[in-house]
């Protein structure tokens, strides 16, 4: 008779909030450390964890910190409902449950020797930030590094001060917003419009896209139109998920499970699925 | 409360700790009571009207919705009436199961009333949770007792409120012995608590008041009547539910907007624990009888302030009886008797925790209800309640207004009036202040 | 192969109990044959059979007292192996804002499944594939699964809803059992051919009173299974089905079935391979204790695909299409086989008799 | 928790049987903990102590059937930060909404000798028809575990975990044998909102729909099947027109058989 060989993958580890930073009216960045001490879990850019807030629920949240800095886990969370509210309103010192990391990663390495274009919409910049950190760590090996970032309005943009630092570190940062007041100097419009003026070499470009599903569909199509091969465009999907282990069945998108086969998918593979309503 | 010349009006806009919503108004002029009124402003829900056109099979579940406190009473009276109409003979084991379910409702309802609604009056608290701060054990044991009743209803009926297992002819499904077994322990505990309750209740301070109303209750040979029986009275009446109309008239009393039930040639009468105890004392289980005697309670019971003691005695009885029924339980061969509709009239009466609950239905060939009449206990007692109030106010008119008000409320609660029940028959004067 | 008489069968049950197994097997309750704890062969549905149609199931008397003369009922072994409600973990808040997390798993008890049909053996194997053979192992499932002893039964009758032959999952048990039985009925006599599928099955059989089967008996056993195979009530053409489904996402049949489908979820609940779950969080009133429970869910609920801002599969059409496509199509992509084992439960227990074989066949028809 | 920090709870009653608020008192194991966790500021069935509003959470039982109540509910809404309706009466008008399908004057004359005294509206309507409602808990009566879940959710600032799928999901989880399939007993479970724990089928009868319509009720398909099982139009009309008669999908289905 087999003894239970495996420890439960459902059981989270307690992590303590060591820093909270308000990004926008409804979005916070939380730095977490294992409550029991030691290093936090290691992860690759694009991966996510399941974050458990006491009694409220457990939700998938992307890791948004630097994968090269293992002592802290960073999550950027937007309040969407009860669980995310419980996460965002936790005081410093409060404890969350964390398990993971899960899912596929942004293939930053694939871009080496060529250009890397990152297109983000809204909270979609959070899962892409680790990719940007990874790219900056190997800046020398990359051609152009471009960030195309769209937000609803200027006050909804994440990581404001960092955008400047990235610029300084050799990233072409283009920001656009849907609407803005007079004081806004930048462009107004959707991210897709930035693609045309971004100035990258489509032949040797890898594009990483994350944002609302419609935005990703348009942006990915935009890259393809600009000449980037669909197999070099990647996007990160969102589906309801309860386990992240491929067992609750909820995150199916046709033949794939978003939690394990994704969330990062190659556009050439996912495009036919995205085209089907209610899949 | 208003003072105006020699006239005092004591009124409570919201009667608390009763089921349903009502109010009380007493007008005293020059020290003598001019007007006493138990007001019901619970909005009407028209059960008798919409029962017309429904199937006879639906009556138990529909009438249960008259009152969430005593749904089993409604279900049982409705079943009795339908079975009477259709000449259905129900097997004894099914009757036993009915009594068992009904015991659950008695335990739940009496414990609710004794501990959560009535005891705070005697001990001077606004609610049971408030009472729990000073008497945590007392409230805890009351809740435990109440829970035992609810468990019984849940196992047999499927849930505590509006059980789903009762049908005309019996039950949809008879519980197994295995399902009943876990009830024994809590019921044994409950019986202990009930005995303790009798002692505690008997020691509560209690005004002396003797009523001489005619007392009316069901009586059934060999049983402390609950789910069936003939209707008897302390003045020697003895009739079947079918003859109810020959004995009871509903009269429009002046000065009041309510229809008051009266006995033909008798007047004010009282149903409920006092009546049951007085007329069925000999049928209580020995344990319940002993507990009563020890508490100094013997028939006839005529002091409404003693009703809390009588309810406690009935709690002992219901626990004892439930344990006996579970001990001897064999699932009936068939959980229900077959029923065939036909044009007919049927009558049914059972003892709701608050007293006699009478139903009458007229059916057509297909079993569609042509006419329905329901007389719940609170409506029968309304006159008696007002009588108590009058007596009380006359006696204690010199108390300050708020104290008198509180005492009057307590006098009303003696009868555990269920206004939700009363509403659908009472004439209303909706008077919202 | 051994032959047991009813006493030998009883001895088999006793030997299992002696080894510490609780027995779960077919028995009659509430108008159906369900899997519950049994204590002896007297608890088996002797002389009962079932008559099944789309949306209908009725118990009927047989004219003999066969112990296994029926097909599968409303429940499957999923109920035991992947129960309707499981505590994942408990959490307690401690004074300084901390949180203690405790695994909810309980030590499972050893169970012997009596009378597992071939389709259900395959269903268990498919659950194994999902819960044990993927990126992550479901530890609680693994623990329960590892303590099960399987006594299979080769089917002597097929219901009108059965189509295991089409799915190549029966009616003969070919793997996944410790012991497999075939019931031989002859002139009112009942005998049981017993073969072992594992070492421990073999050991067990060796202890039982009985004799070696004759060639004739073995042959009779084969015939039982062949007769059953020949009397399948339904069939499903699986040829190219995953591709067909992938190409049929706009087929008008989906609208037609959505008109009938109640989105009640019964099909998923009775399906022995449907594994989807959700979680429920419960807290006490004081907010210091919390529990997280995994419970059966269904892709027919709106919550299943809920995303902030709206669900993915909101129309009944989308939900039914997902279910059928997953069962017969995308399961292949995900787990290398069909998600359907042909047990027919979803056909019989659909309250409005929607028939997966009929729907799949209709999709083959070119839309008008 | 300090007394000052405790949230206040009020329980209100409109036309109803009292059963839903009794469910609160039926939480014998939790009642005292509840009284600790919240300040019960207004709950006439349980307490004569009344604290003035505003209240953090109001539970409302019962439907609106009189002009006075139509005013009173506005007052309740004004004094409540959150307002949760409990039970079929409050969420759908209850069984007394059967008057909506008839002439209320006929109804009155059946019950009352002097109808002139009775002040009533022609319809019985859900609370949400009069004021905005934060959450609706279904059932005739509500399930006490769900009621506790709602309370604990509001106390802990989260959304109540109350699924809106069919009774069938609960029925199967419970391990009931489907009464419709195995016996041909008409059952409203497939179109009825979960919450009761599928008790009717557990007691060998069909669900009678007391929790009201589920999230995507296909009443037409079910009614068609019930007809095949032998139900007449009249049976169907009665089935859909009882405890949640005025709830949209049930009302429409009953009207299709009227």
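Labels for the chains are A, B, C and D, by order of writing; each one numbers its residues from 1.
Basically, contacts are C-beta pairs under 8 Å (C-beta built on N, C-alpha and C of every residue); 3 or more make two chains touch, one makes a residue touch a chain.
Computed from a predicted structure; not experimentally measured.
Visitor: Would you mind naming the chains that touch chain B and likewise touch chain D?
Guide: Expected: no chain.
Visitor: Taking each chain's centre as the average of its Cα atoms, which chain lies closest to the overall Cα centroid?
Guide: Going by the distance between chain centres and the overall C-alpha centre, it is D.
Visitor: Which chains share more C-beta contacts than any other pair?
Guide: Greatest count of contact pairs is found between chains B-D.
Visitor: Quick one: report the Å distance separating chain C from chain D, using the average Cα coordinate of each chain.
Guide: Using C-alpha averages as centres, the distance is 37 Å.
Visitor: Quick one: chain A and chain B, Cα centre-to-centre, how many Å?
Guide: 65
Visitor: Could you grab the centroid distance between chain B and chain C? Build each centroid from C-alpha atoms only and quote it in angstrom.
Guide: Computed value for the inter-centroid distance: 51 Å.
Visitor: Hey, how far is the Cα centre of chain A from the one of chain C, in Å?
Guide: Chain centres of chain A and chain C, defined by C-alpha means, are spaced 40 Å apart.
Visitor: Among all residues of chain B, which ones touch two or more of the remaining chains?
Guide: In chain B, no residue touches at least two other chains, as defined above.
Visitor: Which chain A residues touch at least two other chains?
Guide: 55-57, 81
Visitor: At least two other chains touched by the same residue of chain C: list those residues.
Guide: Chain C, residues with two or more chain partners: 281-283, 287, 297, 303.
Visitor: Which two-chain combinations touch?
Guide: Contact pairs between chains: A-C, A-D, B-D, C-D.
Visitor: So in the complex, the part of chain A that touches chain C is made up of which residues?
Guide: Interface residues on chain A, with respect to chain C: 1-14, 16, 35, 52, 54-58, 80-81, 91, 93-97, 238-240, 242-243, 245-250, 252, 254-257, 260, 276-279.
Visitor: Quick check: in the complex, which residue numbers of chain D touch chain C?
Guide: By the definition above, chain D touches chain C via 30, 33-34, 36-37, 148-149, 151-152, 155-156, 161, 163-166, 168-169, 172-184, 187, 189-191, 204, 215-218, 221-222, 224-225.
Visitor: Contact residues on chain B for chain D in the complex?
Guide: 14-21, 42-50, 52, 54-55, 58, 61-62, 65-69, 71, 108, 112, 116-117, 120, 126-130, 132, 136, 139-140, 143-144, 146-147, 150, 158-162, 164-165, 167, 171-173, 252, 257, 259, 335, 409, 420, 424-425, 427-430, 432
Visitor: Which bits of chain D are touching chain B when the two form their complex?
Guide: The contact residues of chain D facing chain B are 13-23, 25-26, 28-29, 31-32, 35, 40, 43-50, 65-66, 68-69, 72, 94-96, 98-99, 102, 104, 106-108, 110-114, 117-120, 124, 140-141, 143-144, 196, 199-200, 202-205, 208, 210, 238, 242-243.
Visitor: Can you name the residues of chain A that touch chain D in the complex?
Guide: Where chain A meets chain D, its residues are 55-57, 81-83, 85-86.
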